[in-house]
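Here chain A shows up in two complexes: once beside chain B, once beside chain C.
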Partner chain A sequence: MARIVVDPIARIEGHLRIEAQLEGNGIKDAWSSGTMFRGIEMILKDRDPREAWIWAQRICGVCTMVHALASVRAVEDALQIEVPENAQVVRNIIAGSQLLQDHVVHFYHLHALDWVDVVSALRADPGKTASLAQSISNYEKSSPTYFKGIQDRVKALVDSKQLSLFTQAYWGHPAYILPPEVNLMAVAHYLEALEWQKDFIRIHAVLGGKNPHPQTFLVGGMSTALDPNEPFAVVNNENINILRRLVAGAKKFIEQVYIPDVVAIAPFYKEWFKYGEGLGNFLCYGDYTNGSMKDPSKFLFPRGVVFNRDLSTVHPFDPAQVTEFVNHSWYEYKDGDDKGKHPWEGQTHPKYTGPKPPYEFLDVDKKYTWLKAPRYRGKPMEVGPLARMVVGYAAGQPDIKAAVDGLLKALNAPPAVLFSTLGRIAARALETQVMAKHVVDWVELLANNMNRGKVSIFNAAKWDPSSWGASSRGFGFHEAPRGALGHWVDIEGRSIKNYQAVVPTTWNGGPRDTQGQRGAYEAALINTPVAKADQPLEIMRTIHSFDPCIACAVHVVDAKGRPYTKLNIG
Partner chain B sequence: MLPSQMDLTGALQESGISRRKILKFCSAMVATLALPDRYLAQVTAAVSKPKKPTLVWLQFQDCTGCSESMLRSSSPDVADVVLDILSWEYHEVVMAASGKQADAALERVVKEEKGKYLVIVEGSIPTAEGGIYCTIGGRTALDIATEVCKNAAATIAVGACAWDGGLVRSTPNPTGAVGVGEAVPGIKLINMPGCPHNPVNTAAVLVHYLTFGDLPAVDQYNRPLFAYGRVIHDQCERRAHFDAGRFVTEWGDDGHRKGWCLYKMGCKGPQATFNCPTAMWNDHTSWPIRAGHGCIACASPRFWDTKSPFYDRLPSVPGFGVEVTAGQIGLGLVGATIAGVTAHGLINIGLRPRTRPSEEAVEAKPAPKKEN
Partner chain C sequence: MNESPVDSPAFPKTRTVVLGLGNLVHADDGVGVHAIHRLQQDPRVPPHVTLMDGGTMGIALLAHLSGTRRLIVVDAVDVGEPPGAIIRVEGPDLSGLPGKPSVHQLGFADLLITMQLLGEPPDEIVLLGVQPESTAWSADLTPKVEAALAPLADAVLNQLEAWG
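The block that comes next holds the complex of A and B.
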């Protein structure tokens, strides 16, 4: 049996290492390791809870803003603050836009090169590529001249022998099976998507000042003041028109480029509906409402849990049933590593016991990662787009049900195909399509509210810390692009006593627990075929289908931070 | 020496970018760097060479926000950089290769392009416990940074973390994180702080290097003066409101809707040096103060520890009312008084800077109060 190591896994956020045991030409066992640790929650201790979001946002710059949102919600939950509808809607627009942009970038820039052979595109007939593109979409850039231009650019790159970001890849690998014309179309759209994403994300600059790390969240609302008649209000009719243009463009790009590309490429790789199945347990905290976060019945993404691929039952989600294990993680619990701990009791002391660098292999029988192992009712769970579509489908959410049924009908396949590597890709595309429609609606809702004189954006009742009780604690959650995200905050006096984040990639990329149950990545890699051990393209396919984000996934709390000291205010 | 017009056109055609597009980009860069227009031809020639200079981008204790910021750049378009201007051969978040093949790509650059390639570093470098808090391919970040930066022509540290350890280094600095300058002393280095860095500035540094073979002029923190030489408060579009004593006093209040000064809401603009108000973000779309939230001084030294609490008002910013000389606080930082005097002067002589509110608003506001 051969041990394969892939480190770094590129085209993800952060530092991920996969070790896999090969038997024959399939994976017999696998271990997922996060190899970077920062300790942001340690740093948050003793600071002003109103600014926790500014710090927590820096957990990740790819899923930027998702931690800001979970953080303000956690503090609002602790202090019992309801935000005005406009603030909720602006947050929905910002978060929904993040999901749209993130999923498109994931498909083209982080995942496509596992399926698309760039060099093969040189052999394509631009005329046939144009016919193909025109047959699947009305997107205007589809002429033979356009595709010839793209092909010439790729040819110039290859001829220069300076392949830039495409250097040393697995070009020509036998697992690449797309015809040259499909490859050329995908390469063209890789470049188009690069242009589109930076234009679209200007929506975060309008509503957040900049991206990454927009800067307009507040505990109690948003700093995006509304006024139809003020030229310097952040939301006025001029800016509403910019938002309208951007979201309409996004909807068009998703409908005319992203979705048709997924539909065109997937049939070639139908085999991948069989691989990468994983755990079969799915968790969704639920999110996206114009009303109160305390009323999950109104969520666009329904809250719930599905066990063992059983779509007949959606179990209610109980936040008290979340625990984290560290028996395979580089931390120690002072009272022993044999039990999991709820985030409220989360104590974490980093203690590296891995090999001294430089090293060749991790000691996977012992501790082997900076990620903890979260469990729900003791079970490992998958979170993310697939979990949202599975839970939403099982719960009968109309938009999700229609989207999933449409896909299954087109494929002439049962829902079981979703539980796979390709199923994750399809689920991501489906929810992007669903979200695009809602983001358009939220912009109109905001415009209507504003023009009817409903301009409240902030609830000031609890801004002054003297209005807070002696202590409180809150749970803030968000369905981030990569899945269920939870922040737990414990406030004492006017500062943070304890802070914990359990994030999507901790759920998906975490290690084994005390019962030896694998995490979602580890489980999904079992039985994945590997044609060439020195070019494990297939590992990349399944791991990338989860869209890993390791910076998010590693966290710790405890130890002494700087006390929150009140400066001399005039 | 400048190439002849013929050579230049040929080189541009070969690179696949239209002349119009590349001139537009170069003009933007010349403006960002505050170079005289006569340098345009030289800049254009420098970014159009058939053999492209090699760039590698290292990520350590980062959030990838600085990479993402670069991917949001329109000046230049990322696709143009990747395909035409530089040979961008290592960057984990976007490169095609992984594992051994990724290692091989980096190794080739360090060996074969020794002393000639540029390296961008993102994220801090942990030094505690032998550097085990960040490893890539089984090697520590410190080990990799030392090898790659020492063999490079120059290192560009992007973002607060790569500059001085940033958020990761803030109290209690659990991992012994430091910036590149401290982790690998003695290298040719320029710092591009910010959280994240602004890609327009970083592109300008790259272009400056390609054009003149050297890094632009820097301050005592190795930050380029063109981007970090002026105080935000002095360039701020809301400065007139500060001078006139018109402040936001509660989020969402009347003044907030009118775009008044955010000083009382904790804005750190008077203590921040950066070119946000002019360079702005995301294709010149906006910046945090325009979006209604105070500045957190993210390009200032150790800002996470020194500028938080972010919602507490700076204790002693002098200068309320039009009779007080503007820019005094900035004087203490970098001595950049020109912008402040200019904004101030415009108001005094009755011109209307674009931030000035309506006449009614001015009249409705009571006389400025003296505070502190």
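The block that comes next holds the complex of A and C.
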């Protein structure tokens, strides 16, 4: 039995490492190890809870906004604050557009190259590519001249050898099976998506402030002022029109490019409806409402749990049943590692006992990761787009049901295909489609409220700490693009006593627990075929289908060996 | 305040941007962002210069960098110098930095490439870097890197002055 290791970036940045045990041509067992060392609680301890979100949004390098949102919600839950409808709507638009942008970028820029062979695209016939594109969508950029232009541009880029984006894939691997024309179409849309997302995310600049990090969150609501006739208000008629243009463009791109591409590519890779989902347990905290966060019945993504792939029953979610284990993680609990702890009782005492780098393999019988192992009612759970679509489908949420049934019909496949790597990719596309429609509606609701004079967006009743109790605890949650995100805050007096964040990638990428139950990545890899042990593209396909985020990033540029000038100080 | 740059499909390529990168909760990793905060209080920075706290975002920054003609990036840089050393890397020497397409985030190297891919690379790019001592969890810089902040700000101003 060969052990293979996928450790893409052994540099200082946060990263993920997979060790897989091969037997024959398939994976017998797997271990997931992340360098995400959770230390946000040390940063937040003793701070004013009203400014926790400013620090919390730096937890993750990329998904900053989602932590800001979970953090204000945790404090609002602790202090029992209800925010006005406009605040919910603005948060929905900000978070919903983050989800749209994230999922498109994931599909085209972070995952497509596991399926699409850029080099093969250079051999495509632009005329045939145009016929293919026109047969699946009304998207206007589909002429032979357009695809020829893309082909020339990509050729120049590949020849220049400067593109790290394109150079680290397994080109020519036998598992790439798309015809050259499909590859060319996908590569063209890779470039279109890059251009589109750049324009689209300006929506955050309208509602979140010009700084790349949103600045308009407040415990109690948002600081985005509404006034139809005030040029200096953030939400006025002029900016509503910008929002309308951007969300309409998003809806069009998703309906005319992203969804048709998924439907066109999936049939070639139908085999991947058989692999890549291992747990069968799905958890969704639920999210997206114009009303109270305390009323899950109004959530667009229904709250609930599905066990053992049983779509006939959605179990209610009880936040008290979340625990985290550290028996395989580089932490120690002061009273022993044999039991899990609820996040409110959470402890973060790092204790690295792994091998000293450089090393060949981790000692997976002992502690082998910086990720804790979260469990729900003692069971490992998958979170994310697939969990949301599975729970939403089982709960009969009308938009989700229509989207899922539509896709299954187009692919002539039963619901069981969802439980797979390709099912996870499809689920992400489907929720993007569902979300686009709702973001459009939220912009109209905001415009309507504003023009009727309903402009309240901040509830100041509990802003003054003298209005708080002696101590309180809150759970803030958000269905982030990668899945269920929870922040737990414990407030004593006017400051934070304890703070814990359980992020989606901890649910999915975490290790085994005291009962030896695997985490979601680990379980998903079992029985996956691997054609070439030295080029484990199949492992990438399944792990990337989760959209792993171990990006609680540090950002040191690795410039060793480059010419530089040293500047004298003083 | 409400000039709505967000709605211009493309800026004319005239902007000068100082982009601070790094993570404020990882000690010296945040030096670029600390430098931006310092420059925001510095009256010597010419008004036409945009100071931007980019955090650790990758291609999400593309929207904010549209129309950039001259770009100074301030970041922690590992070149094996003693902690606090300030270094300067220019233009062509920056191309082909190790990218990281294998995990979900796309870093600074990929940001430069995508600007090129979209046909709007800045005409000039200068990286001003500080060798970090620690990138452990902390909201504070280590003393040697803290001491480098003032000369780092001067280095940014010198570069801006050289560009005129």
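FYI, the second predicted complex is superposed on the first by the 531 of 570 C-alpha atoms of A that agree within 3 Å, B and C clash if a C-alpha of one lies under 4 Å from a C-alpha of the other, contacts with A are read in each partner's own complex, and residues count from 1 in each chain.
Quick note on the criterion: contacts are C-beta pairs under 8 Å (C-beta built on N, C-alpha and C of every residue); 3 or more make two chains touch, one makes a residue touch a chain.
Please read these numbers as outputs of a predicted model, since none were measured by experiment.
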- [ ] Could you tell me if A:Ser223 is touching chain B, chain C, both of them or neither one (first, second, both, neither)?
- [x] first
- [ ] Scan A:His106 for contacts with chain B and chain C and give back first, second, both or neither.
- [x] second
Task: Which superposed partner A:Glu238 touches (first chain B, second chain C, both, neither) - done: second
Task: Contacts of A:Thr323 with chain B and chain C, given as first, second, both or neither - done: neither
TODO: With both structures superposed, pick whichever of chain B and chain C touches the larger number of chain A residues.
DONE: B
Open item on the list: Looking at A:Asn449, would you say it contacts chain B, chain C, both, or neither? Reply first, second, both or neither.
Closed with: neither
Open item on the list: Quick check for you: in the superposed arrangement, does A:Thr542 touch first (chain B), second (chain C), both or neither?
Closed with: neither
Open item on the list: On the A-aligned overlay, A:Ser120 touches which partner chain: chain B = first, chain C = second, or both, or neither?
Closed with: neither
TODO: Applying the touch criterion given at the start, work out whether A:Asn92 contacts chain B, chain C, both or neither, answering first, second, both or neither.
DONE: neither
Task: Doubly contacted chain A residues - partners chain C and chain B - done: 8-9, 11-15, 37, 39-40, 42-43, 55, 58-59, 61-62, 64, 105, 109-110, 113, 157, 162-165, 167-169, 191, 194-195, 197-199, 201-202, 205-206, 210-213, 231-232, 540, 551, 556, 559-560, 562, 564, 566-567, 569-570
Open item on the list: Please output the residues of chain A touching chain C within their complex, sorted ascending.
Closed with: 8-9, 11-16, 37, 39-40, 42-43, 55, 58-59, 61-62, 64, 101, 105-106, 109-110, 113, 157, 162-165, 167-169, 191, 194-195, 197-199, 201-202, 205-206, 210-213, 231-232, 238-239, 242, 245, 540, 547-551, 553-560, 562-567, 569-570
Open item on the list: Applying the document's contact rule, which stretches of chain B touch chain A when the two form their complex?
Closed with: 14-16, 50-52, 54, 59-69, 71-74, 77-79, 82-83, 86-89, 91-102, 104-105, 126, 129-140, 143, 167-168, 170-172, 174-175, 177, 195-196, 250-252, 256-259, 280-283, 285-293, 296, 304-305, 308-313, 315-316, 355, 357, 371-372
Open item on the list: Residue numbers of chain A touching chain B in their complex, please.
Closed with: 5-15, 35-40, 42-43, 47-48, 50-51, 54-55, 58-62, 64, 105, 109-110, 113, 118, 152-153, 156-157, 160, 162-170, 191, 194-195, 197-199, 201-202, 204-216, 218, 220-221, 223-227, 230-234, 350, 352, 354-360, 455-458, 460, 463, 534-536, 540, 551, 556, 559-562, 564, 566-570
- [ ] Could you pull out which chain C residues touch chain A in their complex?
- [x] 1-2, 4-7, 9, 21-26, 29, 32, 52-64, 66, 75-81, 84-90, 93-110, 113-114, 116-118, 127-129, 132, 135-139, 147-148, 151, 155
